[in-house]
Every structure is written in C-alpha cells, then in structure tokens.
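Quick one: the structure is below, and I'll ask about it shortly.
Chain naming follows the written order as A, B, C and D, and within any one chain the residues start at number 1.
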Amino acid sequence: MAATTKERTKPGAGDAEPSQDKRLEMYRMLVELRYCEKRAHDLFLQNLIKGTSHLSLGQEAVAAGFAAAMRPDDWTFCTYRGHAHTQARGASMTGVLGELMGRECGLLKGKGGSMHLTDVAKGAMGSYAIIGAHMPIAVGAAWSAQYRGTAQVAVCFFGDGTTNIGAFHEALNMAKVWSLPAVFVCENNLYMEYTPIGAVTAVEHPAADRASAYGLERIIVDGNDVDEVYQVAQRTIGMARAGKGPSLVEAKTYRHGGHSRADPAKYRPEGELERWLERDPIKVYRERLLGMGVATATLEGIEADAMRKVEEATAAAKASPPPPASLIEQDVWADGGAAWRN
Amino acid sequence: MAATTKERTKPGAGDAEPSQDKRLEMYRMLVELRYCEKRAHDLFLQNLIKGTSHLSLGQEAVAAGFAAAMRPDDWTFCTYRGHAHTQARGASMTGVLGELMGRECGLLKGKGGSMHLTDVAKGAMGSYAIIGAHMPIAVGAAWSAQYRGTAQVAVCFFGDGTTNIGAFHEALNMAKVWSLPAVFVCENNLYMEYTPIGAVTAVEHPAADRASAYGLERIIVDGNDVDEVYQVAQRTIGMARAGKGPSLVEAKTYRHGGHSRADPAKYRPEGELERWLERDPIKVYRERLLGMGVATATLEGIEADAMRKVEEATAAAKASPPPPASLIEQDVWADGGAAWRN
Amino acid sequence: MAELTYREAVAAGIAQEMRRDERVVFLGEDVAAAGGVFKTTVGLLEEFGPKRVRDTPISEQAIIGATMGAAMTGLRPIAEIMFSDFFAVCWDLVANQIAKTRYMTAGQVTLPLVIRTANGGGVRFGAQHSQSVENWAMAIPGLKVVAPSTAADVKGLMAAAVRSDDPVIFFEHKGLFGTKGEVPDDEHVDELGAAKVLREGKDATIVALAMMVPRALEAAKILQAEHGISATVVDVRSLVPLDVQTILEAVRKTGRLFTVEENPRLCGWGAEIVSIVGEEAFYDLDGPMVRITTPHVPLPCADALEDATIPSVARIVETVRTSMG
Amino acid sequence: MAELTYREAVAAGIAQEMRRDERVVFLGEDVAAAGGVFKTTVGLLEEFGPKRVRDTPISEQAIIGATMGAAMTGLRPIAEIMFSDFFAVCWDLVANQIAKTRYMTAGQVTLPLVIRTANGGGVRFGAQHSQSVENWAMAIPGLKVVAPSTAADVKGLMAAAVRSDDPVIFFEHKGLFGTKGEVPDDEHVDELGAAKVLREGKDATIVALAMMVPRALEAAKILQAEHGISATVVDVRSLVPLDVQTILEAVRKTGRLFTVEENPRLCGWGAEIVSIVGEEAFYDLDGPMVRITTPHVPLPCADALEDATIPSVARIVETVRTSMG
C-alpha cells in the first residue's frame, strides 16, 4: 500500500459551513455541556461525587462539533474524560450526574462510574479508562459497519498523551489497511496528566505529525472553534461513510481545570490559562453568533434552558437512591447473572 | 520537540568505506553464518533439532555489516531469527548448534532453545520470541549506557512485520525523546510469517515511512550489500555514540527459506526467490571482492575454514549430552535456585 | 461419525457455525491464506471468502480490540491469538475491556465473541511459546474459559462458544493437534460448563484438563493394573463455568482428590478446585488433597528438560500411589 | 521513629536506597515533576535530579522494557505503573520477558529491578482502576511479589526489594496511602519472604494481605470480644517467596484456616495457601478451610456497591463465626 500523504491544516473549500439552525443547536450543546460540567465540579466540592472525575471544561467544542455532524446511528468511543461526548450524543443529564454520584438512576446504575459513561441506545459506545484501549475497539465497530454495509461511522476521541501508547499505532494501521469508516480525533490539550506533551513526544503535533505513518492526511483543526470542528467532522465522517477510509484529526484545545478532581494544575506556566480563556469556545462562539445577527435574547433563552435542565437533572439525581446490593451479582453474563459454577 | 526529518536512502558522503581487512572479516562472517545456518537446516531434516527454528539464510549481510561496525562492548538485541546476529557478535558455534539440539553445551544449556540465543559476555543480549518486546528492552540498555556515560550503543534488529505492533511505536518515541544511543534496524524481508507485509501495512516502507513519526531520518539501505550495511551501521552507531540520539534503519532483504522450520513458503509468487538469489549477499560480495582483486585462493581459504569450523562445531554439539534434569529448578533466581517458599 | 484430528476439528467447528450464521467472522495473523500456523483453519478462506476470514497485521491489541468492537455492534467474531503466551501483549483488551464492559455498563453491552489460542507445551518451543495460561483467564471475572481434550469436544465446545452471548476464551492444546477421535458429522453443539467423568473409580478422584487428560487416564489404568488403586478421572473441559457438582460428587465417592495441571504451580485452576473441595467437601475427604503440577519455573526448551518438567504419566502414578499408600 | 503515612513511606524507602546506591534510578508517568498521582514520590526529583528521576510518556511497554534493559546492563531501576490494572498493557514485558529471561538464559542475565504500583480498591475508581492483581504476578514463575500493609513495612520491604537481585513486583494499596504508622528513621531494611503473626489465637487462623490486614485484625478483636473466638492473624506481606512455615505453624496450632482476599474469587493467593495447607497440614485441620473474597465480579464503582463487594470486617466476623459453628 503506497503512502499518499496530503497535508491540510484547516477546513478547506468544500467543507460546508453549518446552517443557522445547526449553529444554534451547537450553541445549545456547548452551553449544556459547560453548565453540567460546572455542576459536576460543584457536586465534588460538596462531596456528593466520590472517587475521581475528569472534566472537559474548555474542550466542549470538539464534542459538540463532532456530535452535530454525526448520524444518530453513528458511534462515539471516548475516554474517562467523556461526560461531554456522552451527553453530546443525547445521553440523559440525570443519568450522567446520577452515575457520577453513584445513584441508581445513573446511566450505569452506579456500576461503572464517571470514567465509563455509556449509552448504547444513543450510540455512545463507552468511555474507556485505560489509555488507548478504545482505539482498536472503535476499529472493530467500524469493521462491523463496513461488513454489514450500514454506512455507520465510528468516531473515536482521545488525548495527546494517548498518541504515545502502542494501541494508538496498532489501531490506526489496521483501520487504514482495512479502509474502515472511522474517524480518530486527538484532543490535544497540551498535557497528559501533569506533564506537558512536548516533554514526552518526539514530534510537535503528536497526532498530525504521525498521520503519514498510516498513510493518512495531516489534519489540524482549532478545537476551540466549533464551526471549524463541525466542518472537519462533516468532511472526515463523510469520507468514512462514503467508503473512503479513516481519518486522523488533531484538534488543538485546552482544559480549563486540572487533569482530574485531585489536580490543582500548578504545573502550568503563568498566563497560559488566561490566554486560553480568551479563546474559550463558548465565549468565541457567542460573540460570533451575535456578530452574525443572532439576537441576544435567543442566546439568553438557550442559556436559561440549559441552566434549568441542569437544575432539574441535579435534583433528580439527588433524589435517586443508592443502587441496591443486588446489582453486585448481576450482569456479568448475558443471562443477567454472575454464576461461574453450578 | 520539533520534527526534523531529513531523508536519506543510501549511504552518502562521509560514510567511510570498509577497509580491505574489514571486507575480508565480513566475508568470513558471511560465509560462517551461511554454512552454520545450512547445517542447522540439515540437522532438522535429521530430526536432531526439535521444536522450531527460524533461519536467516539470505539475510546474513545485515548481521555481518552491523556486527563489523560495533564495538565489543556494544549490545545486540535480536529476535527468534537470531542465529546469525548472535554468532556475528562472537558467540560460539558449538554453543549455538548445541542449543538448537537441546544439548548441555548449548549457549543456554538447552533451557532457552533456538529462539532465545544469548551470549551476554559477547554483548549478544538476547533473542526475543514475542514480536516487539525487545525494542523497549533495547531502549533500557541504551538508557543505561547514557546514564553511566559509557558510550556503548544498543543495536536492535527486528522484522518488517514487527513495525505494526505497539511496542515498536512506544520504543521509538521514548528512544528519541530521551535521545538514547540506540540503532533500530528493520530487516524488511517482505513477509511477516506467510503474509506479504504490504497486505497488512498502511505504508510502503514499514519502517522508513514511519521514521518521521519519531522525528527521525528516513534511512533505507540495501540489506543484501554488506558494504552498504556496514557504512550505514558506522554512521548510525557513530551518531549514537556521539550522543546524537537514535536512528531507524530499514534494510531491504529476503529470506531464502520459509519463515520457520514447518514452512515450505508456497505463498511466494513465482520467480521471486530466483530474483533474490541473483542478489544473494554472499554471491554479490564474492564477485565484488574478486573484482577488487582479492585472490580466489584467499576466499576459498576462508570458505574452507568456515566449513571446518561448522564440522567441528557439529561434532562437538552432537557429542554433548542432554542437559541434566537438575537444571530444571536452577536459575529462576539470582541465588541460582527456584525456591518460592520456605 | 468421521475420524478427525483435533486440528481438523477446529476448522470443522468454526465452519459449522459460519455456515449457520453470517454474523460469525474470523480474524487473526496468517489464518486466512495460510490456514494458520498450526493449520487449524485450512479451508475457511476458500469456503467463506476474504470478507469473513481475515488476515491481520501483527497487532494483537488491534485484533482483540476489533473483535470486541465488532461484537458490540452486531457481529459474532472469532479471533485467533496464535500462541496463548501472546495474550500478554493484549491482556488489557481481554482482561480489562472485554471481561468488564458488560458489567460496568449494567448490561448495555453484549459481547458474543470467541478468542481461540494454541496453549500448552510439549513441543519444544521454549518458555515464551509453551505456557498453559488458562489460569490467567480463569482469574478474570467476565470470561468464560474452555479447554477441550478431544477432537469431538473441540467441535462441540467451539459451537457452544460461538453461540454463547458471552466472551469465551478457547484454549486448544498444541500437544493434542495431531491426536485423532470420532467427531459427529452432523451439527454438533456441546455445552459450556459440563465436566465429563471419563472413568469411574472408588479410591481417588483425578481431575485433569487438556493434554493432562490422556495422561491422567493412562495413569489411572496403571494405578489399577499395577497398584490396585481405582481412580475416577474427570475431564474438567470448562473452567468457567465450572462444573463443581460433578467434581464434588466424585470426591464424595472416592474421598481423595488429585489435580493434574500443566501450568506452573502457583494459583492454577487446581488450587481453585482444591479450595472448593476443601471448603465444601471437607468432611468427605480421607486424606490430603494433592496437586500435580509443573514446578513453578518457566518451561525449559530442550526435549530432555521439557519432558521432565510437565507432569507425566509416571509422575501422576507415582504421586497418587505414594500419597495413597 | 517518626510517624509517617504509608504514602510518605514510599518516598522514604526509595530515597533511602537512592542515597546509598547511584545505580538506583526511578521512572514512570508523572512521577518526577508532579511527585506522582498519589503523591507517593514527592521530593525525589528535587533530591536526586532529572537524571535519576524521570518522567516518561504514556508508554507502559516502553517503561517496563526500559526497566528491564537498564537492569540487565548495570542499573537497578525502580519503575512505577500508576495503577496495577495497567499491568495488562505491559504484561508481556513483565510476565514473558522479565520473569523468564534469567531462566531461559541459564542465568546469564540478572534483573535487579522493582516495579511498584498502586493496587486495590475502596476508593470508588471503578473496575479498571481498583483491581487487586497480586495473584496475576504470583502465578508467574520468576517474579517476587510483595504487598505491605503498614508504613514501616513499605519502607523496609521497598529497601529489601531494591537490594534484591531478582525482579520484585511491589504492590502499594491505594486504600492504605493515608494510614499512619511508626517508621524507623534510620536505615531500615526488611526481609522478603517473611510473614508476620500480628496476633496469636487458638481457635482459628486468619491470613490476610494489604488492606485486608487491618480488617482481619479488627475482625479478630470482635470475634474475641463478642463471640469468644480466639484468632491468630497472619499478615502474609510477601507472596513470593511465601512464608509457608509460619502459616502452617499457625494452622497447626489453631486447626482452622480462613483467608481474606480482596481479589476476585477464582485463583487468588488464598486458593494457593488453602491448597498448600490442604496438602501439608490436612491432618491438623479441624474443619473446612474457608476463603473470604471479593465475589467473582469486576469491582463496581458506587460507594454503596463497592463497600458491599470487598470483604468487610463484618463479613469476616460473620463468616468465621458461622463456619466455626
């Protein structure tokens, strides 16, 4: 197989701009994801969420831009940093907050926790907590779509740090060799946990500079610009759906908070956060929409709706009881049980 | 770290040609490796070698060219296809044949077998039978050299098929990020076991087309031309020794036989073997040396010496008894024993 | 009934299921065009074509990941891991992803898949190509684990594994590929989780798996003939689910338990069975429970050493005799 | 003696050895500048510098491979695998390479290395970040396996592990990081392979490891106070080498064996100990041997579920009491 490596770093001609409706849909999504994630943060501080959790604050445009470009029967595979991706596909906010709080109403009835949010009915095929594992799993879903001729596409999100693990390499090679309908999206937020990605990576752009190793186009997109993300998503998903094989997209973005619950993010150079807050995807998008003539009231209406939704979801999740102990020996097997002996 | 990817496909200016002595040394090595490997094949047919074995017939120039460029205290890491690499570093031929035959005189006293030939005293740091594993191990040796300031270099050989496994990716990235004295040598013999490498790889040159993903130079060399291999070895080992970091070399070559003992290699297209036999590294080199004015008698002398060496080693190995059962519970631990309890 | 080798029964079992169900697909390294390095899958590519029988790169994580992803989206894949030792390079996908995802998602994900692999020693391949790792799989909740000892069981258990909606790790034994046995020609579907009593005795129960089964049987014959010890022999066949009742019943009748394991000594399936018996049939025991295992060492390669390491008929006879005597 | 947390004892143990021996180096993800995600290695970078304390990419195979390669060429590396669950992504390097290479090379290669990792549950991290996998390591010949339950043992066993010329897998328990204990200020070097009898009783022996040790001790107190059952409590500490003699002796005195394991039920270290006792001290037993384990399921995440899954003090008390009649 010959390497044909084109380079492209921006959405180009032929990448359709989102319609006005799509834009408002995306704005709504951005705001909901943001408010819900902030709520999750508050619930931590109140110790209503235990364990760990990884917020997407600042990275919402990647989730929203791709979700807006997907067909309902397409599949999302994401990481432990998956609250936004899972909800962007339509998973219930109560189910998400309930899961974080370990309640029976949780998407996973409390069995999985924040790192494993899944809603198969919505095409949210799981959040995976071990770096890289979901990339070959997404390959398998794409293979299934190709085999069954359904024109479904598997979209797989992962971080910059994930580009250095073996599964990344194996998945991309096999996806290309089998010409599978998959889009791999690296959310480059500049850090693995606390270590800057540049300190542990042999190339500057951890995903894009490696695309050619899999015979793929080099694609970098501004991950804080939901329109740009949407356009790249349209194009790469469209290619996958049309049988033209996989893509690898590097979206440059930034997480506003620490890596996980416990992390105050002191390792960041001074001013870095502030510079990125200037480019907050919601701030940027709100300004753009206003500039395009969208009425302030329209946006405020969306924002108020979102806040109401978060309040309702929080109340519902809080009202839900802890999961019953009977769940412990359920659902190891397809028969619903956990028996390993007679 | 910025990607600075230069391209180079031939030894270039500044790569020193081997001296006449070096050339004769390499010819001797080639012939010894060839004769010994052929003898191993015969011993199979006589059922004196059990289990499996992977011959390097046709690929000897890679082993010889690199070994000739290494310092005695440099390290070789190789695969199950490692008879040539291990002997090229000076391991005893009797020890090799004895190991293949499961005799007490074996390099590993029969405990390891053909896939694990090792001679630490000669810098042959092991043959590894699980694809890719030795690449990160070689990284560790190179790290040790760098840490201790010994200017030793780790040279790691592997096949084309190995470029698709995760460990390849992790090892190359870390070697580059830590700027370690290591040279990774892909022996591209066109096949993994029975499947052509092109059928399972997203790029044409499985190693070279991926060098840029690790910020490395693209290097392809004719693996059947021992002079060319020697020159590239000199250059890349020299860079490593000088603190200039790792290299990745792709050597194009061909195995004359099947993948392993059991394989008749019927999957090859007609004429392919014949074309490569034309470019047999020993045939090519013999002609070149004669063309350079080396006397036929000199080469014939080397050949006769090698044949005698093989005969003697065979006889010695055959005379060696099977290893005693007392070895079974020896050398799990550094204290020489195998006790896991008191 | 035709006489097939254990090797041929593998392809026969897979083919039976692929004919029945289009969702069954098969992938692995050198499995298609070459028919597998052990020639266990010869003919599948020819019958089912390259869309259903696929050669992969040397990328075990991608193979097993793809298997999982395909299973969760409507296919029923069978993957080959060439040697069971190589589970170590894709163990995350097997033990952390495949085994746990149904549970973690409260049943949202169903994973009807089979991973088949060549397990065990005796063929002079050395420590990295000869391990018996069925205990690795047994230790992971969420995996079903099967290890047949005869050609008929290979075909029947393969069919059961493919039809199971749960992930099944299917251990084929390298040392048994050449053995022959009667295999039903017609559709043959066995049951996961059923042990087989191959011989009834009254003095001792010998529980064995895979290549240890013929050795246990042979040992039982010698124990009877030469030492007057009458032994029940149980072929466990399936480690998960485990047929505890059959084992307990045998021990209750005989009062003594011996397990014969090829894996290294510590934490094998034998320890699990001994522990179950030591809790649930303690008062039926007439003497110590004894595990016959490979010592806790990597497997040496040379024939002389390998044969002295894996439990042999002679070692089984000797251990049972001494312990009963 | 200073009072240190279990967490602080990790860095104290490593630092003690790094001061003593320049060949000791340390690598892992986020271990240097950040001091580790569990803050177990705070201060090491500052004291020993970036040459000896190194942050790595997210490349567990490279980390463990590099550890092995460095150990075979003159260093004595300590690697961190952040969560023990992640052994699954580098298991080949651990189980097939590090464990077997000395044996396969007939002793040519020596591997003085330590891999330390955060093991175990109780902190609501879910099934992929909470496993107790010490039985994975115990099942592999060629690995030494340690799992301390106190801060002092962390320091002392860490030193012993670093000084060992064999590869040691060092399991730190996430649930114990915050616990405190007296730790010798001076050089403190413990011994691999020695269990500790923490409490002497006459009716039953309870054998426990890591986080199960404080629970077993607490249960023993309750058993004594509320049920008049006097129990010996043994902290195994080291699974390989295993202090079989201490365990056998305790069982001989008490006649009953209970093991308390955090790992899922099948093929745990408890099964190994039960099997040894069931063979070697069978005639000293007064009743069934009972394992108290996590059921054979992945670990659920929600606090309500996780607490009901891992063996608790109440479950230990209840099981021992019921079983003792």
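One rule holds for everything that comes next: a residue touches a chain if its C-beta (ideal position, glycine included) is under 8 Å from a C-beta of that chain, and two chains touch if they have at least 3 such contacts.
All figures in this text were calculated on a predicted structure; none of them were measured in a lab.
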Inset, instruction - In contact with subunit B and with subunit C at once: which chains are those? Just list them. - result: A, D
Legend entry - Higher-contact pair (C-beta pairs counted), B-D versus A-D: B-D
Legend entry - Farthest chain (mean CA position) relative to subunit D: B
Inset, instruction - Indicate the whole-number Å distance between the mean C-alpha point of subunit A and the mean C-alpha point of subunit C. - result: 40
Legend entry - Distance from subunit D to subunit C - Cα centre to Cα centre, in angstrom: 30
Inset, instruction - Find the geometric centre of each of subunit A and subunit D from their Cα atoms only, then give the gap between the two centres in Å, rounded to an integer. - result: 36
Inset, instruction - For subunit D, write out the residues touching at least two other chains, lowest number first. - result: 56-57, 59-61, 85-86, 88-89, 92, 96, 103-104, 126-128, 141-142, 240, 266, 296-298, 300-301
Legend entry - Residues of subunit B whose C-beta touches two or more other chains: 108, 111-112, 116, 128, 130, 132-133, 164-167, 170, 173-174, 177, 199-201, 327, 332, 338, 340
Legend entry - Residues on subunit D engaged by subunit B in the complex (per definition of touch): 25, 51, 54, 56-57, 59-75, 77, 92-93, 96-97, 101-110, 112, 141-142, 164-166, 193, 240-245, 276
Legend entry - Interface residues, subunit D side, partner subunit C - complex: 85-89, 91-92, 94-96, 99-100, 103-104, 126-128, 135-136, 138-142, 240, 263-264, 266-272, 274-275, 278-280, 282-283, 285, 287-291, 296-298, 300-301
Inset, instruction - Provide the residue numbers of subunit A that touch subunit C in the complex, in ascending order. - result: 75, 107-109, 111-112, 116, 118-121, 125-126, 128, 130, 132-145, 147-148, 152, 154, 166-167, 170-171, 173-174, 177-178, 327, 330-336, 338-342
Legend entry - Contact set on subunit B toward subunit A in their complex: 1-3, 164-170, 172-174, 176-177, 198-205, 209-210, 212-216
Inset, instruction - Show which residues of subunit D lie in contact with subunit A when the two form their complex. - result: 29-30, 33-34, 37, 55-61, 85-86, 88-89, 123-129, 265-266, 295-298, 300-305, 308-309
